[in-house]
Amino acid sequence: MLIGLYNYWVVVVLMMIGFYIVIAHGNLVKKIVGLTIFQTSVFIFYISIAKVEGGTAPILHAGIEVYSNPLPHVLILTAIVVGISTTALGLALTVRIKEAYGSIEESEIQSQDNQIQDAHTQGALSQSTESRESP
Amino acid sequence: MIGLLIDITLLTLLVGVAIAIARMKDLFAVAMLAGIYGLLTASFFVAMDAVDVAFTEAAVGAGISTLLMFVVITMTGRSEDPVRHKPLLALLVVTITGSLLIFGTLDMPYFGAPDAPIHTHVAPRYINDSMQEVGVINLVTAVLASYRAFDTFGEVVVVFTAGIGVLALLSVARRREDDAVIELVNDSMHEQHLILRIVTKMLIPFILLFALYVQFHGDFGPGGGFQAGVIFASAIFLYALLFGLSTARRVINQSIIRLVAAVGILLYGCVGVVSMLNGGSFLDYNVLSSDPIAGQHLGILLIEWGVGCTVASVMVIIFFNFAGRQEDNQKAQNEEDIDANRAL
Amino acid sequence: MRHTLTLFLTLAAFWMLNSGHTSVLMLSLGTISVVFVLYIAHRIDVVDHESQPIHLSYKLPGYFLWLLKELLLANIAVVKSIWLGKNFISPAFTTIKATQKTDIGKVIYANSITITPGTVTVDLVGDRLTVHALFQENLDILKAGEMDRRVSRLEN
Amino acid sequence: MLIAATLAVLVAMILAIIRGIVGPTLYDRILAVNMFGTKTVLLLSLLGFVMGRPEFLDIAIVYALINFISVVGVLRYSGTFELKQPSAESKEE
Amino acid sequence: MTLDINTIVEILSGFCLLIGSFLCISGGVGILRFPDFYTRMHAVGVTDTLAAGMILVGLMLQNPDALVVIKLLMILVMTLFINPTASHALAKAAFHNGLMPVLDDTEILNSKERNKTTDNDLEPK
């Protein structure tokens, strides 16, 4: 019982660690690392499912009867390469955010955004009062 | 038994490393640990018989991803802000979700059970009949390139799109650098990193050839276009790291690389279209040749080649853009520093 | 030209040893790959006497045997100090002179020092090697210059 | 014996991870990662034999290569690669 | 009792693996026990060269398949070729960035504080 489901529990734990990093940390790079951990936990889940007791790698060989399931391997193989591409995209966005805001901490970005928003609303207010006064 | 022990040890180590990653503030250390995490995952994949996947994860998780992380950290700053957003609330959310998920796993078939639902639908066909239908002894390649070729096509397009995305976000118009300057920088670098340089010079042709070997032997053992592309790209990274980005840009033409990325996908798509013209359905290789098995072999060879081209060039594009951006930032920083010094 | 030829031969050998397939298709793919890699290697300019040290090749095996013996001895010393604890090490640090004339000779020397546990080449500037050693004795042996002489002998 | 060797490699991996986590300097961490990479290569070679299919050694070769590339990359981007003027002569002697 | 060639090879292989395992663990202990970065590097050198060599040779003796032996040999050559280079690069980078080695015994005793100071030096701004 304990051994039989151990893999899945580890997957859940890893997934939750990744999830925790994503929601509890403000640094964008750290968040991306968290996402990577999350992603990897899914990979581990799929590969664990594919394992067959007593089987070997799904490459045919004379005299071997039991093979692990090749389908999840295919899905994960492509997912890894796609994963690095999307991670790269995320990192590229981070770099641009750093250049635009001067910081990659979520709270700071938020406060800068709020300031801009405030400035806009104030500007809009004063503009509207001006326009009301002008005629 | 030993298999189980290795499995459990590796998984426990993974959890340990993940927790360490979560707790660390120094992002460089986080990236290093992420590299270890990638190596561990790859070892786990080998222990789980997923040799092809381990192949890819080795190059991606431990190599490229760590490298990109490092380039980005040099641009965005090394330390993390100590302020956390309501860690208790986050912990609560995570615990609840985790316990629900663990409750869910209680219904899962036990690990390695041969009669689990996943092993009863399509897998037997792949394992038993693919030798007659596709004629490739590596079942992963058979499924990847033949049974699920359409799916793989989508994945390659996603990789390509991500490459374009990075290009759009990070590419900067580059002024042509003076050859003499590059030459000068190179010479001084050569003095400084004599050993690294000479060893790298010896190594690079072999890494490149190894990548091509992996590309063409995907039918017989672990390997194929994805793995080959990543390894090929890492050889070029190594070159760029040691001989400078401008040298690498000069010898490896950027527009050709972009062209190759597109050609790879086109090659893949064209194989599908040709099989349609020959009267089959999209990506049905049986009709490519008079003998279905020969047709399958030809089709797999071509699309793997397409995949390899696209993956390799997209990885190179991604890396060159990140590194180029970093170099520009560095230059700007240096100039600012000099100005500041002058002002003082 | 000579270097291109040797690179071609080593690459071809590398392919054959890795692949082990002798069907016509695999062999022709192999040839194409090797030629392609040769083209790239020339383009990125990594084919020269440094990456293809053929002029040293016939003397190397003898040197490696000697190095192997040194390696065994050095390992025993380091392993002993690992288990005995930190009181048994006497880290030392110095600069020594390399007498090799060519870059490749210096690289072989520096790497031989590093590969022997107990000594690490920390820096290589001109003909001066900065070496860090776990024991003072290691440095004394290095300064006696046996390894240096052997590597120099490889060169000519 | 194979199993004993596998376990020994696993133990060495654990010790390397501890060094990687403890640090204290960046270089210690890189050293730990480098050692961990070598251990992974050994583990993979051993795993093939333990599981009875030793023909997948290509993966171990890739690891050896990638390990080198990542160490070089890390050094290049940890801001330690563009060397200041060598200060070797002024030290010692 | 006759010792045929297979048994001898088997015993030899077991012996190599045993030595390799011992060296592996030694290296692991060394990287934890040694006082500073440079000395740790020597400990890693042990595992990287002889331990890897022993284990790989032990594996070569296990399997008569030529292709497998060649690949193991290739891994061995690569390890012996690449590892010293990587170690050197690392040591050089550390040295040029002001990480000074701990030299005599009195300093080793103070290595705790030393390590702390180096950490602070590297602390991000």
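Order of writing sets the labels: A, B, C, D and E. Residues in every chain begin at 1.
Here is the rule we go by: a residue touches a chain if its C-beta (ideal position, glycine included) is under 8 Å from a C-beta of that chain, and two chains touch if they have at least 3 such contacts.
Since the structure is predicted, the reported quantities are computational estimates derived from the model, not experimental observations.
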Other chains in touch with both subunit B and subunit E: C, D
Comparison of B-D and B-C by number of C-beta pairs in contact, larger one: B-D
Most distant chain from subunit D by Cα centroid: A
Centroid spacing, where centroids are CA-atom means, of subunit A and subunit E in whole angstrom: 35
Subunit D and subunit E: spacing of chain centres that average the CA atoms, whole Å: 9
Separation of subunit C from subunit E, taking each centre as the mean of its C-alpha atoms, in whole Å: 16
Touching two or more other chains - residues of subunit A: 56-57, 61
Contacts with 2+ other chains: residues of subunit D: 7, 13-14, 23, 26, 30, 32, 51, 55-56, 58, 61, 65, 67-68, 72, 78, 83, 86, 88
For subunit B, residues that touch 2 or more chains besides their own: 31, 49, 51, 73, 77, 195-196, 199-200, 203, 210, 220-222
Touch list for subunit E against partner subunit C, complex: 23, 26-27, 29-30, 33-36, 38-39, 41-43, 45-46, 49-50, 66-67, 70-71, 74, 80, 83-85, 87-88, 91-92, 95-96, 101-105, 108
Subunit E-touching residues of subunit B, taken from the complex the two chains share: 26, 77-79, 193, 195-196, 199, 203
Interface residues, subunit A side, partner subunit B - complex: 3-10, 12-21, 23-30, 33-34, 36-37, 40, 43-44, 47-61, 66-74, 76-89, 91-96, 98, 104-108
Contact footprint of subunit A on subunit D as seen in their complex: 51-53, 56
Contact set on subunit D toward subunit B in their complex: 3, 6-7, 10, 13-14, 17, 20-21, 23, 26, 29-30, 32-33, 36-37, 40, 43-44, 47-48, 50-51, 55-56, 58-59, 61-63, 65-70, 72-74, 76-79, 83, 86
